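Per-chain numbering from 1; labels A, B, C, D, E and F assigned in written order.
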Amino acid sequence: MNRNPDSSASASYPGSRSSAGHQAPEDQSERHMRGLANLARVDGHGGAEVLAAVEAVSPDLARYLVEFAFGDVYARPGLSLRDREIAALTALAAQSAWPQFKVHVRAALRAGLTRNEIIELVIQAAVYCGFPTALNALFATGDVFAAMEEE
Amino acid sequence: MNRNPDSSASASYPGSRSSAGHQAPEDQSERHMRGLANLARVDGHGGAEVLAAVEAVSPDLARYLVEFAFGDVYARPGLSLRDREIAALTALAAQSAWPQFKVHVRAALRAGLTRNEIIELVIQAAVYCGFPTALNALFATGDVFAAMEEE
Amino acid sequence: MNRNPDSSASASYPGSRSSAGHQAPEDQSERHMRGLANLARVDGHGGAEVLAAVEAVSPDLARYLVEFAFGDVYARPGLSLRDREIAALTALAAQSAWPQFKVHVRAALRAGLTRNEIIELVIQAAVYCGFPTALNALFATGDVFAAMEEE
Amino acid sequence: MNRNPDSSASASYPGSRSSAGHQAPEDQSERHMRGLANLARVDGHGGAEVLAAVEAVSPDLARYLVEFAFGDVYARPGLSLRDREIAALTALAAQSAWPQFKVHVRAALRAGLTRNEIIELVIQAAVYCGFPTALNALFATGDVFAAMEEE
Amino acid sequence: MNRNPDSSASASYPGSRSSAGHQAPEDQSERHMRGLANLARVDGHGGAEVLAAVEAVSPDLARYLVEFAFGDVYARPGLSLRDREIAALTALAAQSAWPQFKVHVRAALRAGLTRNEIIELVIQAAVYCGFPTALNALFATGDVFAAMEEE
Amino acid sequence: MNRNPDSSASASYPGSRSSAGHQAPEDQSERHMRGLANLARVDGHGGAEVLAAVEAVSPDLARYLVEFAFGDVYARPGLSLRDREIAALTALAAQSAWPQFKVHVRAALRAGLTRNEIIELVIQAAVYCGFPTALNALFATGDVFAAMEEE
């Protein structure tokens, strides 16, 4: 039985590395370009705003966000963007990271989740994280929906 | 603009309640039966084991698990079971709830996630929760895959 | 020795279920009515405000809050409301859920805890959760006391 | 309106300090003796075991546990020991600190909470912290009850 | 091999207690004076502000902050103040305790950490706690740096 | 006033990128080699063991650990390895990530922290994270010291 489930997926894209050690070389600028593209695809205009805010204090942390989070992880083909945003919203709610949660409510809508599905994720958080977390996630979600009405 | 996104979904199943206050009455045994059915559908044999372990200490907490978590929330049609398990695994990893995480690795596979997709969720946890959480989630995942080989 | 400590308490109220499987049927509206009554008893005017805020985004999550949290759990006779609010304040501080913590400072006072006892809980949080959490809980408590002076 | 709720309670025991700055001097050995006495009163034999385990690695951390946690905070008269253990169990469950949670299940019983009341606190944790935390707290509680049967 | 690593350090300052049980007596006012001195040394003007805010609601919690946190722990010679602030910033970021994190950005600068070193700690938090925590820590850091520009 | 504190440090090593956008290209194998070297330097034999355990389930997560955590972040010159391990231990204790905490007790000793300094960090965790976390960190530390005696 194959116990390395991602080896099949890992061979097929730039920067991947099979379990046997073969590595496809690429330079940093490819990772950076891919990262910027994914950041725009995922977060739209909001992503550029976050990046600018991070760069203002630490250009290097901004670079890691672009290259590792978006150039490496979000670029991986083994999970759809829609699935990734389900996980992102849940992780952010579980950690009460409300600024990022709000950014990802918008990213989730861009990725194809409906408003109703986002609410369903919040309702499920009541079971997995408790009602306080779920309520705060719901209020953050409502804030984003309301702001979108104003735009 | 409609700001009650779940009102359309809420009218269509037993126990739902529209925003106007209309409520479909049902007694506890319907919720209970639906919950037991969902528990079996989601967690398979593992769910019955967890339920027995909970009942041994608190029959009432077991009942709430069946009726609220599985009879109410997991029964909701607005989010697929596969999507629910993506969220479940992520919430459990974020809280380091490893016993439940392991149960839900199996539930996720039953719900249609592949082993590779589960690994992808763990990799994404490195971005959202940090490498320590991701590593512990990965080890728990590997433990389940190994145990499944033995079965 | 009896290892099901709540079986004796569980037989005595609507919706309870003994360990032998006997279940007292009730329909959803009883749970809902009981929940609304408990929400008012526990949170007073603040509870209605929270409920309205939740309903504005998700009528179903509001219903679960009323029916499960207040209709089922808060209705249980095995623990006094005063004891429940000691636990509620502590759980909310431990999770840094400050909006809900503030609502429950008022609920705790309604339940019979004195202002001094609430402060004692916050002081004890310095031991169990650390000084940062205790300080933030203290500031939230002070905010509520100050707001009450204005009313 | 008096906004220093603990000033009245603070004047009445050794080491207290009123808001006006008057301080009742005591030396370290009084705090230490009081702490050891409270540790025995609260945790019984289990407390001595924990203290020995801590002293084996850090005599100073053991001293702070005795003097600050038990000599100062647990000695405060403004909250009963039973109330303190309700808060302790909840804080420990919220943080998934299972070794300490198990010690405090025994402390809670010594403080006058019944087994059923402890189970009620765990059930309420399902609302405030989510079902995963509540289940893990329930299993820890069941482990302690089972161990007590063996003694 | 000596398994009590702090016994050598513990004998050398007031209030210390060797593993053999010998204890140097001191009264509360020495701990209090030492605590106030350390609070000023560590947090400067910000510390006095925090203390006043705490005293306004609980003079006793303020006293414990001064006497235990600063009079006992921060006074210990076994770790430099600079090292303590590295740990303080990290613990506060990990718990998302942003008000205290901001106070300690200033304390860290006073303790000899450079702005760049504080940013490095935040970047490392992306690895250990995830990017959401790191971003929120970065924004809090940037807020403090900006406020310092205004002073 | 320069508000980009890491720009000066960022220009001086491979892969860095100044705030003006200039980027020094390197391919993946340089990051990978640097990461393996740092992993060995930081974690010694324990690091190779962890890496192998991660690779057994996800070669890609292992690669990110090596390349991002150790090749990028740990390679940064702006903070010493000793300082990094102070932060690592604290972050791991704050998250109760005990397997990784134990690995980093050894890494901290390799980085120049003494056993006594590690104990001091644990004692300080009692202030910042509460006594439960500090006790669990202390027991984990004691376990590592004891295991080292056996080697």
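Keep in mind that, in the parts below, a contact is a pair of C-beta atoms (placed from the backbone, for glycine too) under 8 Å apart; a residue touches a chain by one contact, two chains touch by 3 or more.
Small disclaimer: the values here were computed from a predicted structure and weren't measured.
So which chains count as neighbours of both chain A and chain B?
The common neighbours are C, D, E, F.
Pick same or different for copies chain A and chain C, depending on whether their interface residues overlap by over half.
different
Sort out for me whether D-E or B-D is joined by the greater number of C-beta contact pairs.
D-E is joined by more C-beta pairs in contact.
Kindly point out which of D-E, A-B or C-D repeats the A-F interface, defined as over half of the contact pairs being the same residue numbers.
Match found for A-F within D-E, A-B or C-D: D-E.
Find the chain most remote from chain A, comparing centres computed as mean CA coordinates.
The chain farthest from chain A, judged by C-alpha centres, is D.
Which integer distance in Å separates the CA centroid of chain A from that of chain D?
That gives a centre separation of 41 Å.
What is the distance, in whole Å, between the centres of chain A and chain E, each centre taken as the mean of its C-alpha atoms?
About 34 Å separates the centre of chain A from that of chain E.
Multi-chain contacts in chain D: which residues touch at least two other chains?
3, 5-6, 56-58, 60, 64, 68-69, 73, 76, 91-92, 95-96, 119, 123, 125-133, 142, 145, in rising order.
Between the chains shown, work out who touches whom and classify the graph as line, ring, star, complete or other.
Per interface graph, the chains form a complete graph.
Chain D touches which residues of chain C in the complex?
Residues of chain C touching chain D: 1, 3, 5-6, 8-9, 68-69, 73, 76, 78-79, 83-84, 86-95, 114-121, 123-129, 142, 145-146, 149.
Within the complex, which stretch of chain A touches chain F?
3-7, 10, 15-19, 23-29, 32, 55-60, 63-64, 68, 72-73, 76
Provide the residue numbers of chain D that touch chain F in the complex, in ascending order.
50, 53-54, 56-58, 60-61, 64-65, 69, 91-92, 95-97, 99-100
Touching residues of chain D toward chain B in the complex: what are they?
96, 119, 122-123, 126, 130-136, 138-139, 141-142, 145
Write out the stretch or stretches of chain E touching chain B in their complex.
Those residues of chain E that touch chain B are 125-133.
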